[in-house]
């Protein structure tokens, strides 16, 4: 481990100095991913915030759902983070989206323009709503409920979609505040046939 | 307790059916405030999110700091929530701001226009930065660091300011998603001489 | 009376030096309100503009109408002035709105977000149109006429709504130009049960 | 005189039915201009508003000033009305600007882009400020005062500039509300060498 | 010929030093118009760009079409160039529009606000779409195709409309980059009865 | 070759039916790239526009320059096309940028946010200016000239930067108009160590 990840904050570089539970969380993700995603080191600068952030993350992103898939949640993150100009989230969650969707092109497409991307009507409506929440802090109303339910989302999915956008608005801003870059490993993940498995 | 607080989600109205730890948290706040702030019932709809949300809230808002006061944090919430059009947060945190600052007018002033409010240069810069984070998801840079440090903020304060804005961006969006109204009690709190104590 | 109300213009503080007709107008409003609203002193800096301004004000705001109430006109002022970031008009006309509507919460609600406020469809359409006029200087067209008439407004009401928004756009800008603050008395008016009468 | 000028309101076409003082005002302008500018007929629909509007107009636009010329006031009107998309004011006051400035091109130039127009630094600053007032309802502050005074404007001129922009914001909106078109005569006025006199 | 047309680039003033084919093009337009439109001298600064620019111009603007007239193409240029704040294109193509349409007022009207101009529904839809392409770089979609075909445009017309807007977006930016002013001759062209022929 | 590339226009799929010079251009690019970039087929729908487009492209993009490199021109295209939401240009020119810069990450970084990307001050200023031209059709002025020259750009470079942005604004809009997708081959080009050569 080397110099701080942030030009503004002295983020931890040696996890051995971190609280034990945070060390454990980081070692687990490192084992799974093969490297430590920088956002873990960034948030470890503030242990209480680290714990709350990942508890929230897990509550939203790791929940099983039959009507809103993991790939769909990653689509929300990629599209909204791109419009919030957050490189970390576009690159890291673009990698996850490629892996979950087994589509190596989808993340690049919806990061630039979901309206011209080869996606279903369901996904177009989902991403329209996502940008309304993310960019305008828009309020849910009858029109949106109707449009979202017409493409198959349940009321619980609507909460999840809104909450994922709300949470990644927080995440985008913490990255922008600290200047945390994405790990280089994320850029290529899921782009080549073999590494999807 | 009566009908659901949200036109879109069947939010809990009877806390007895909630997980015990959440009941406990709610009873504590009820005892302190004299009523249950609606945002507690809203988030209790999703216990895991409730726990993460309030852990994050406590990490940011209840932390002691000598260089960034509780009243200053509430100023951040009021100004950014007004521009995100979140009534709940403007009204509830406007009440807290009146109480912490012992100024019955400040919340109304900065909700409409902090630039014409009778506040210090320190607070004008702080709220300019807050809106940059909240509305543009802007990135920290050398110019902002210089401007913020020139009015007395430490590097840790800058993190706190950014993080409070990021967190309330999430909070504003959860309120807008669910349509949760502020409790009536908040509107008058701290407006009259006696109730500041 | 004390120092000038404006940091930029030497606004009158002693009404005895003002033209007689302006003194008379000011004394009348003082008798009615119990204090001199600052906007009267601000405009008295330019007597000819004072006379034209209040003649316009009276033509629009004091006109009797069976289809557009005094409270509805104040709703227009509060919502549009908040989005124009004019504290004086939000606070002063918020007070009038509380008094006319006998609703202590309505002004605070529609100042932040009329779309999530507990108002009728008639009022939602009225305030949507008001913001279109105020923020975009939008043109009336067949669609707006149809939508406004569907919720019960006459053609004369549409003129009144548009003219009130146009006039308070002027008023908001004169306040911003001079930096005139609202009188402290306005903040509490109409918030407590007894003072509505 | 013929059909109503507005698609939405039954504006007067025969001045003989109007109150006497309004008839007199209209006949005077007709004598001077050779035709009745449509905005007089539009406002005559509401006599009390007519009187207040033209009293305000005269207070601002016909006042003698050594430091803010009639041509400069018309520059304010043309630039701000163009960005408010008000054809009537651009065309009618474009004609006045050509006549007062004896420059047949200036109005067309600043209606499209004052920043690339061949105008003085004084006028560039004046029109920057005018758009700040008109489009953002911006507040006066020390920076603007300094910039405006540096190019020769007095404090009284700053009031006049702001008030003219505020008043024409009202005027633009009344035109948009009623759909009042400019008289054809205005389009050519002041474009040819001889008709400047 | 005199000083350079641009404050930033040393644009050619003597066409004799230009490549022969460019001289020939310029002499032809001079013969036809009676003067050399400044944009020819501006682009002659870069002969290869000159040739490509006018080849593109001719491909789009001089093509015969039964369903999209020359006047309609000039309407596209005037409306979009005004919103891009390009004086050269508004003035030069305003002149062409007056000549082609034999309407001396149309260009001034749609430069300020096509929505309140006395134009057909066909032209209102055409100019709505034009601004969507010009200002938002918007994508064609089924809704736009339907709306445009409903007012009589063919698929080929839709390409032409989009391409004209795209090309003049380029043209507007080259003018803004170089600061090229319109020739004085353009301002009056087509305004008087006789010069329409 | 298969179905049309556009949902709206019957773009050519068999180059054998195209004019000979266009066939020749396409075969040359196919030989060099290994495939036919879709934008060539899109523009071949209109041969005269094809010829002008690529003449312009060559004049700007293939010109040798010692002070503005090929990689820098591709940076302009990637950053501005991303903000114009043009997937084709981001993906195709992202590939070229990776190849010219030998940096596999740069394109992804500046497509999302050039301000937080690890680029030089020279490149930050260049891309700030590029977005000003692309998104605002901004005019060159003394401040921009000074800022651009301070980081080493010549006056000729400033023309090139502006012209590249202007030209790709046209290109972005033609892609959006036709719905032309990028070829799949572009997505991976230049991402892996070996394929940079």
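For reference, chains read A, B, C, D, E and F in written order, and residue numbers begin at 1 within each chain.
To be clear about the criterion, a residue touches a chain if its C-beta (ideal position, glycine included) is under 8 Å from a C-beta of that chain, and two chains touch if they have at least 3 such contacts.
Small disclaimer: the values here were computed from a predicted structure and weren't measured.
S.K.: Which contact partners do subunit D and subunit E have in common?
M.R.: Chains that touch both subunit D and subunit E, as defined above, are C, F.
S.K.: How much rotation, in degrees rounded to the nearest 5, is required to superimpose subunit D onto subunit F on the basis of Cα coordinates?
M.R.: 120
S.K.: At the interface of subunit B with subunit C, does the proportion of residue numbers present on both copies reach over half, so same, or stay under half, so different?
M.R.: Over half shared, hence same.
S.K.: From subunit D, which chain is the farthest off, judged by mean CA positions?
M.R.: Chain A.
S.K.: Calculate how many whole Å lie between the centre of subunit C and the centre of subunit D, each centre taken as the average of the chain's C-alpha atoms.
M.R.: Measuring from centre to centre gives 24 Å for this pair.
S.K.: Distance from the CA centroid of subunit C to that of subunit F, rounded to the nearest Å?
M.R.: A distance of 52 Å separates the two centres.
S.K.: Distance between subunit B and subunit F based on Cα centroids, please, to the nearest Å.
M.R.: 45
S.K.: Could you tell me which residues belong to subunit A and also touch two or more other chains?
M.R.: Those would be 85-86, 113, 115-116, 139, 176, 179.
S.K.: Hey, how would you classify the chain contact layout here, line, ring, star, complete or other?
M.R.: It is other, because the touches fit no line, ring, star or complete pattern.
S.K.: Give the pairs of chains that touch; include all such pairs.
M.R.: In this structure, the chains touch in these pairs: A-B, A-C, A-E, A-F, B-C, B-D, B-F, C-D, C-E, D-E, D-F, E-F.
S.K.: Mind listing the subunit B positions that touch subunit F in their complex?
M.R.: Interface residues on the subunit B side: 139, 141.
S.K.: Which residues of subunit D touch subunit C in the complex?
M.R.: Per the stated touch rule, the residues are 8-9, 45-46, 48-49, 51-53, 55-56, 58-60, 63, 84-86, 133, 137-140, 145, 155, 158-159, 162-163, 165-167, 169-170, 172-174, 176-179.
S.K.: Please output the residues of subunit B touching subunit C within their complex, sorted ascending.
M.R.: 82, 85-87, 90-91, 104-105, 108-109, 111-113, 115-118, 176, 179, 181, 184, 187-188, 191-192
S.K.: Show which residues of subunit E lie in contact with subunit C when the two form their complex.
M.R.: Within the complex, subunit E contacts subunit C at residues 113, 115-116.
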